[in-house]
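Each remark here refers to the structure printed beneath this line.
Each chain carries a letter (A, B and C) given by its place in the written order, and its residues are counted from 1.
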Amino acid sequence: MSRTFLGMPATAPRGVGHLRGDEPFPAAARRALADPQLRRNLGHATTTIRAKSGAVIAELPDWQQLRAAGSAIKADVLARLPELLEQLELAVTAAGGTVHWAADAVEANRIVTELVAATGSDRVIKVKSMATQEIGLNEALEAAGITSVETDLAELIVQLGDDRPSHILVPAIHRNRAEIREIFLRAMPGVDPALTDDPAALAAAARRYLRETFLSTPVAVSGANFAVAETGTLAVVESEGNGRMCLTLPETLITVMGVEKVVPTWQDLEVFLQLLPRASTGERMNPYTSMWTGVTPGDGPQAVHLVLLDNGRSAVLADEVGRQALHCIRCSACLNVCPVYERTGGHAYGSVYPGPIGAVLSPQLTGVADNASLPYASTLCGACYDACPVKINIPELLVHLRDRAPHPRAEAAAMAAAAYVMDHPALYTAAQRAARLSRLAGRRGRGLPPPLSGWTASRDLPEPPPRTFRQWWAQR
Amino acid sequence: MSQREEVLARLRAARGAAPAAPAAVPRDYRRAGAEADLDLLVHRLTDYRATVHRCTDDAVAEVVDAVLGGRRIVVPPGLPRRWLPATVTAVTDDALGTDQIAALDGVVTAAALAVAETGTIVLDGAPDQGRRVITLLPDVHVCVLRAEQVVAGLPDAVARLDPRRPLTWISGPSATSDIELNRVEGVHGPRNLHVVLLPPGTAR
Amino acid sequence: MRVALFVTCLADTMFPAAATATVRLLERLGHEVVFPEAQTCCGQMHVNTGYLGDALPLVRRHVRTFAPYDVVVAPSGSCVGSVRHQHAMVARRAGDERLAGQAEEVAARTYELSEFLVDVLGVTDVGAYFPHRVTYHPTCHSLRVLRVGDRPLRLLRQVRGLELVELPQAEQCCGFGGTFAVKNADTSTAMLADKLRHVLSTGADVCTAGDSSCLMHIGGGLSRLRTGVRTVHLAEILAATEETGAVAAAGRTGART
């Protein structure tokens, strides 16, 4: 979508943020597949998390009922989104917070930059947040002379390694402990040169490195996992305590949140706090969850801001089939079970939202033409749908988006011709015969012409049978 | 058009005609009301590397002595002083600076409640728990819990808590799964979590 | 029972052995099989590649062709999945509510072979004989779209002479995915490589499944690597008896190089 009209649903603008890749998925995947270390790291990590998550989900006798409730709450949210956001705004404001609205990444970056600049600080500490990655906030702050320090361990690994995140939950999933040690030794100021690759030692190094920064930085930027419309309560779910540091120590807290993260009632959290950790890190409960409602005098940040972000979400909402992608609670279970993600990793998807959810969310946020290869980055095996804690029917969405994606002309012509032939049995029978003859004629060749050569590059084709089933049936 | 009006107009146009009322959500999952299982809580806490001490109220000071004896600690203003042994130097949080708190070795607090099924304790900033920062910077957190504060599951906890208070849900010591998706304890929060569980009938 | 065979275009054209086996099996069990000749393709390839409009006439044809029959059986989890979960959707997208309703009625009477045998006929021992070491790949659409569960395994366990060996990480996709295998050939190959590794680790001499499409993919890989392991459709195993010469005949899966 190149033009936007005032007050009409719009996709995320080009030229800002990280929703579009530089190349189509198959090309990027091809490179990733050739990296044996990456393959090994991904295989190990996804296998580990699948086992952990499966075990803690099996502990709950009512997992399916929780999924159904979570899905229904999210559908209700989308049906009442404008009203719930207004309710949230009222509640946050009443509790002493300030609410800002951003139609797109450019606006959100401007708002945050101005808020930080107003504090006089040239540094912010950040809790891992998909929304701020999506809009490219770090780059925008840097352009304004403000340093962002990512405090989540995986984000820190990515930032120190001058790398890109490849997973929603564990952005450095593509790195193993030995690689992380090397990154720390190379890029972490003041690191102990005797650092080992023991994960506990690596975590301790991050603790030492960030402690002073936590204590001395007056502004933090966070995302939010949930925002409760009726109370104005925001929630951040985390593990390490870096979230608590950012949400507790600074004077000013700026939270950037996609509009779909709002939930109607406080009670709704009893559903999502059960779904998210078990589907995400495979824990009964993540180590730390922080909840705050506006400002608490004398405890924590005394200037609390909430930036509500559209950036293409209205365009997703406008698609009655596609909007269920906005149910997503960013648990990344679909990545961990996806056979495609497990082999290619997240970078191949181009967007900050990789894996199955990324394949249906990114093209909708940007307009499908800007991420046209992503809906095809799936075998439609359905593992993602089974794993999704809020029951997003990702295979259905993939097919829906494939229908809306721009189609190569030759393919479209072939598909139309095939449909025509298959709707005319006489032509169909003739085509079966012709296919057999051409296969027999070509049997001395090494395979098929492009694009079908993709098949014969690694697999043999079956011998054409002596006769088709319908010939057998006619003759019996 | 302001950004606010723009976003709301877009969302209204995208959503279409407004529904009349909130949708009915099927809540046939396990609701609040089941009896809390203290042994389950102990198992869950231990499983996530918290240390559990079960004792009577008059033995709390001994536990604190065993964990933090000889160290300097911070305590919230409303903490029962009987829980503190003479062997610790207790600094009451009276708007202490973060550097002062960061220099202390440990913290002793009470809790708002605990969830047995997930092994979670929740702090809500009451006078016996204090500001969020005091349970964040010291490396050892001793949390004293009365049996009556233990609830069965998440729905019980949500029903009991007041969302207007700052809430911190704690399930084990600080940890990360960021290295090869294995859980490793000990990053930025307290690396040592001790939960002291008092028997039913203990007075406040 | 009078059963209409939904042969699927792939079995009709490339893997007739799976279809003839389905006919022989059902007839052996005492049922009448009819073949509505107006059938061609259910349109799944069009739907899954993003051509819902082109799929519409195929859906209409399928519904028209099978509407007169009380029971429709196909030797494919994937094609039955398309009938059950895609046909009405394609019709509704085109605004044809009447067709959507008819499609739902046909879908409700359409069964994948193992579903039909176990759920409708109530049999697990179909009198088959297949003296081979066999591993079973539960294709994604049988597993997660139709939820056939352990029905194929229950059928296989009753086959005389058959040694069933468990396939490691069986529930992982083989990487076929229709046009995925061509559009994302490299990723598809990487998935296939793991599937082949697991198949070979079982020591089975036959890999079976309920879908000719996935078997074409796995079989194409097994053949390319000259593994000496072949793919045989579930229907062929269940149709095999002492009399039909199961040892040599079942599953002509010879592949060209």
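Following the convention adopted for this analysis, a contact is a pair of C-beta atoms (placed from the backbone, for glycine too) under 8 Å apart; a residue touches a chain by one contact, two chains touch by 3 or more.
Remember, it's a predicted structure, so these values are computed and weren't measured experimentally.
Colleague: Based on which chains touch which, is the overall arrangement a line, ring, star, complete graph, or other?
Modeller: Shape = line; chains linked end to end, path left open.
Colleague: Taking each chain's centre as the mean of its C-alpha atoms, give the chain farthest from chain B.
Modeller: It is C whose centre lies farthest from that of chain B.
Colleague: Going by CA means, which chain is nearest the middle of everything shown?
Modeller: A
Colleague: Need the CA-centroid distance for the pair chain B / chain C, whole Å please.
Modeller: Chain centroid spacing, chain B to chain C, equals 53 Å.
Colleague: Taking the mean of the CA coordinates per chain, how far is chain A from chain B in Å?
Modeller: That gives a centre separation of 29 Å.
Colleague: Could you grab the centroid distance between chain A and chain C? Build each centroid from C-alpha atoms only and quote it in angstrom.
Modeller: 33
Colleague: Spell out the part of chain A that touches chain B in their complex, as residue ranges.
Modeller: Contact set of chain A toward chain B: 6-10, 41, 44-46, 48-49, 52, 61-62, 65-66, 68-69, 72-73, 75-76, 78-83, 85-86, 95, 100-103, 107, 151-154, 157, 169-170, 172-173, 176-177, 180, 199-200, 202-204, 206-207, 210-211, 214-215, 228, 231, 233, 239-242, 244-245, 247-249, 259, 264, 266-271, 273-274, 281-293, 296, 298-300, 308, 310, 313-318.
Colleague: Provide the residue numbers of chain B that touch chain A in the complex, in ascending order.
Modeller: 1-15, 18-19, 22-30, 32, 44, 48, 95, 98-99, 102, 115, 117-120, 125, 131-133, 136, 154-155, 157-159, 163-190
Colleague: Where on chain C is chain A touching in the complex?
Modeller: Chain C residues touching chain A: 7, 9, 11-17, 19-20, 23, 35, 37-38, 40-41, 43, 45-55, 57-58, 61, 86, 89, 140-141, 143-145, 171-173, 175-192, 216-217, 219-221, 223-224, 252-257.
Colleague: Using the touch rule from the top, collect the residues of chain A that touch chain C in their complex.
Modeller: That would be residues 25-26, 29-30, 33, 39, 339-340, 343-344, 375-383, 385-386, 396, 399, 401-405, 407, 411-412, 415-416, 418-419, 422-423, 425, 428, 432, 435-436, 443, 446, 451-452, 454-455, 457-465, 467-470, 472-473 of chain A.
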